[in-house]
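Some structures are shown below for you to check.
Same chain, two partners: chain A is paired with chain B first, then with chain C.
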Partner chain A sequence: MDTPADLISVPRPDNRKRNLTIGLVVALILGSAIFAGFNPLEILENFQKGGRLLKRMFFPPAWKYAPRVIAPLVETVRMALVGTFWGAVVALPAAVFAASNFLNMPWISRPLRLVLNIFRTIPAMVLASLFVAVFGIGAFSGVVALSIFTFGLISKLTYESIEAIDYGQVEALMSLGANKITILRYAIMPQILPQFMSYVLYGFEVNVRAAAVLGYVGAGGIGQTFEQNLAFRNFDRVGVIIVISFAVVLVIDLVSSHIRRRLV
Partner chain B sequence: MEKIEIKKELPWSTVLYRVVNYGGLIVLILWGMAGIPYKGVMATARGTMASLVQGIFHPDMAYLTNTTIDGLPYAVLETIAIAISGTFVSAVISIPFALLASQNIVGRRVSLIGKFIVTMIRTFPELILALIFISVVGPGAPAGILALGIHSIGMLGKLFSEAIESMDTGVKEALESCGGNRGEVLFRAVLPQVSPELISYTLYRFEINMRAASTLGLVGAGGIGAPLIFAIRTRSWSRAMIIVLVLIVTVSLIDMISSRVRKKLV
Partner chain C sequence: MIEFSNVSKVYPNGTKALDNVSLKIEEGEFVAIIGLSGAGKSTLLRLINQLIPATSGTVTVDGKDVTRARGKEIREIRRQIGMIFQGFNIVKRSSVLTNVLSGRVGYNPTWRTILGLFPESDKQIAYRALQRVDILEKVHSRASELSGGQQQRVAIARALAQEPRLMLADEPVASLDPITTIQVMDYLKKINREDGITTVANLHHVDLALSYATRVVGVKGGVIVYDTPMKGINKKQFLADLEKVYGRPIHHDEMLGEE
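This part shows the complex of A and B:
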């Protein structure tokens, strides 16, 4: 039977490659779910249990415990501040050396990039537990881990910014016979500094969130308090910690992203 | 040659503004440093470092070639499986959240509520989500998948809604003017138009989730984190180092593949 759609013959695009890709992706997702033992039905059955836990945590949280959350929370913010600071201080010169367009020294930029990539693949949590073994339990280990992690993150973003600068100013200075340092100071820095500051703020936001959980491996901050209370199954105290640290992180995020929007 | 002098005088308000800003920043950082006591290295640090270096040069090869459920290959595969499943779950759930946060779909006022919800989800640490889900479904990979699936909505919902807000509304309006209902507009205009971007963002999140999945094991939510933290705590550096090494290689490989696909997409 001829429907109107059949009368107009539109050449169909070859969908075989597309279908093959879709099939592969579906197989990958299904395979992963089965391999990891992920069964949505089983999870739905357990939801009541989750509800009960949430009730013990948040209805109501142990507000009396709140004053004792402040000190570790302040330590968390301090860790993030100092970690971001040291990471950023080292990241700026490293980014200049890692950028392929300015110094044009592949023998230094290539290995440097490799190191930066490696730093970014090691989770801050793993770094922290390594440093706890060296510096002992406490905020200092966390700060070292955060510094290294931030260094990898900010350097990468910054060298990409340096590689994407507008060459007009660089060429103008070069035509006047300026040396590399003058070019760096008057053509490159003014262009990337706002972006760099924005990356630093972004790093700070990431670090506040990371610092909040680093205590789980003994690297200081609110995570340590969190872990102790969880171990003793003081769920109402855990609830207070979650609520207060969540509020602090949210406020820091909102303020920081507001500043970032004004920067770039 | 005469030197050209440029008179540069800043208005006092700018000077004050800068002093307050930079001064405040410096005070803030000093305040931070004052609260981080350096208690020296551990008495055992020298020995730790020595055995760490020893571990780097003598990684535990038996663990790498152990293909049973206790071996490294299984842990790596499980980590990848958690990342894939978690990313998929969150990509699916993110679409309604993104629509709710898109100004050109639900209007300005509702979109602000949607944006706030997405921001809240983004701020909630995945590790704590994992702990909550562990007490719901028990320790293991499913808890990790759920944690990633929920936490990633925070970022994907935001990126998806930005993609939807910046799309060309021509197709959508054309369908609406022909009398297409909401479902038709959504599935025939909005989603097909933004799908390359959505897939690209999902892949990007997958890269991030690969890293996240490798730490979830620290709290018992499956993957490579559990053997890693165990190796570090028991100071078995040759095993810890082979895990870190394999982790670096796996994450880098996945990054490379994923970013290549992303470049093709958008």
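This part shows the complex of A and C:
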């Protein structure tokens, strides 16, 4: 059907920029590997050592130790829950103030965003070691760290959602004579609530993982148990901890992301 | 009822949308504002309920200067002014009833509106408003489940629930098909006639202006260039006059519907 005369010829796309980017990235990776003294052969050398360790951890794990993993694991999940809860509770009003469209108060939203970004980017681990220094060793320090981290994370996601709402609904409420609080309740909340719930669940997923390692700096949870056993070279117990923690994190992730998908 | 005196509006980016406009609209009128895209129609309308502030001049509604009103004062003025939008602007995730009841927020204390505890009398007002636009059977539906025409009727019901003295409509039918357009315009007209609610509507279709409005105001480049009552107007003359608004005459075959 198509005779050559019918074919449309378009100029070839200009790929130079893309190719340059790829080249640059590859060069950077190679360069930094060399700079960091990374040698793939070393992995092979350590392979045997790793194999022996794996054998001591998992073949078989010390199943008898399993019941004693439950309590610290429950504590871990509880830390994540409490941290997520308080982070989310404070995040919702903070997001309203941080969003630039609704209240439109740059002298509040700008510095607030800065604070949120800082909270969000400091690893929970670093926050936790800070609070261990302030409040002492234990789950409380971990919970405070997780709350602050979650607060930063959820506020940021939520204020971006608020900025993306259909503003026409806000204007409609204004035209009805509604005040700011009423507008929040009738025009903004219905639009962002499903997303907010999904962010809370996401925060919880992240926090369960974070809580599992916070014990390393003495901030409670399963990490503390893990670290003690590692120090005593009880590798078979370490194996049990890993297996059970992994299973719990996996189940929580699966359930939570399933709910999240149905939310939005 | 509405009076613009030497009103100008310059947007923060420097666009001069209205230039020294003076206009007086009487109680009970159905005024159609026509003009090209960007002429300043929406700006004119949104100054009446102060969704945007004027740069200079004053707008009064029922003798009250809305351009100087703030806070509670402006909210009490707004609750008497219904507004219909091109994009409907109802809260899609809420029920039809919640949407219509939100027309009553200006009459209730904040704690009641927050808890959604509207008195029975307000619910009756909402039901009656829905009945007026023949959509009471959808009262418990989620707004997002309705068609465009139905959503606009819910928006009209919400405005009716305000028990307004004045209705503003910013291209109320621009996203509707021709049949639904006639329906929605008929409801607006009925409300204007039966309740004596003064109506100001931005319309893109000249023939809608001709068949529904009692007066047509043409805007061009932020200036009112045409202002004529429709009573006993000669249609040919009307179309020819629109050259002032659109820069060229409108021909008969450019009209939307048939008579």
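Here, the second predicted complex is superposed on the first by the 241 of 264 C-alpha atoms of A that agree within 3 Å, B and C clash if a C-alpha of one lies under 4 Å from a C-alpha of the other, contacts with A are read in each partner's own complex, and residues count from 1 in each chain.
In this text, contacts are C-beta pairs under 8 Å (C-beta built on N, C-alpha and C of every residue); 3 or more make two chains touch, one makes a residue touch a chain.
What you are looking at is a predicted structure, and each value in this text was computed from that prediction instead of being measured.
Chemist: First (chain B), second (chain C), both or neither: which does A:G177 touch?
Modeler: In the superposition, A:G177 touches chain C alone.
Chemist: Just chain B (first), just chain C (second), both, or neither: which does A:Q169 touch?
Modeler: second
Chemist: Per the contact definition in the header, classify A:K49: touching chain B only (first), chain C only (second), both, or neither.
Modeler: First partner only.
Chemist: A:I118 in the overlay: touching chain B, chain C, both, or neither? Say first, second, both or neither.
Modeler: First partner only, chain B.
Chemist: Going by the contact rule set out at the top, does A:Y186 touch chain B (first), chain C (second), both, or neither?
Modeler: Touch status of A:Y186: second partner only.
Chemist: Give the label of whichever partner, chain B or chain C, reaches more residues of chain A.
Modeler: Chain A has more residues touched by B than by the other partner.
Chemist: Check the residue A:G138 against both partner chains and state whether it touches chain B (first), chain C (second), both, or neither.
Modeler: In the superposed model, A:G138 contacts chain B only, not chain C.
Chemist: Under the stated touch criterion, which partner chain does A:F85 make contact with: chain B (first), chain C (second), both, or neither?
Modeler: The answer is first: A:F85 touches chain B but not chain C.
Chemist: Taking the superposition as given, does A:M105 touch the first partner, chain B, the second, chain C, both, or neither?
Modeler: neither
Chemist: Looking at the complex, which residues from chain A come into contact with chain B?
Modeler: Interface residues on chain A, with respect to chain B: 28-29, 31-33, 35-39, 42-43, 46-47, 49-50, 53-54, 74-75, 77-79, 81-82, 85, 117-118, 121-123, 125-126, 129-130, 133-136, 138-140, 143, 209, 212-213, 216-217, 226, 230, 242, 246, 249-250, 253-254.
Chemist: What residues of chain A sit close enough to touch chain C in their complex?
Modeler: 166, 168-169, 171-179, 181-182, 185-187, 190-191, 193-194
Chemist: Could you pull out which chain C residues touch chain A in their complex?
Modeler: Residues 49, 51, 75-83, 85, 87, 89-94, 98, 102-103, 105-106, 110, 113-114, 155, 158, 162, 168 of chain C touch chain A in their complex.
Chemist: Which residues of chain B touch chain A in their complex?
Modeler: 28-29, 31-33, 35-42, 45, 48-49, 52, 77-78, 80-82, 84-85, 88, 119-120, 122-125, 127-128, 131-133, 135-137, 140-142, 144-146, 211-212, 214-215, 218-219, 222, 225, 228-229, 232-233, 235, 240, 244, 247-248, 251-252, 255
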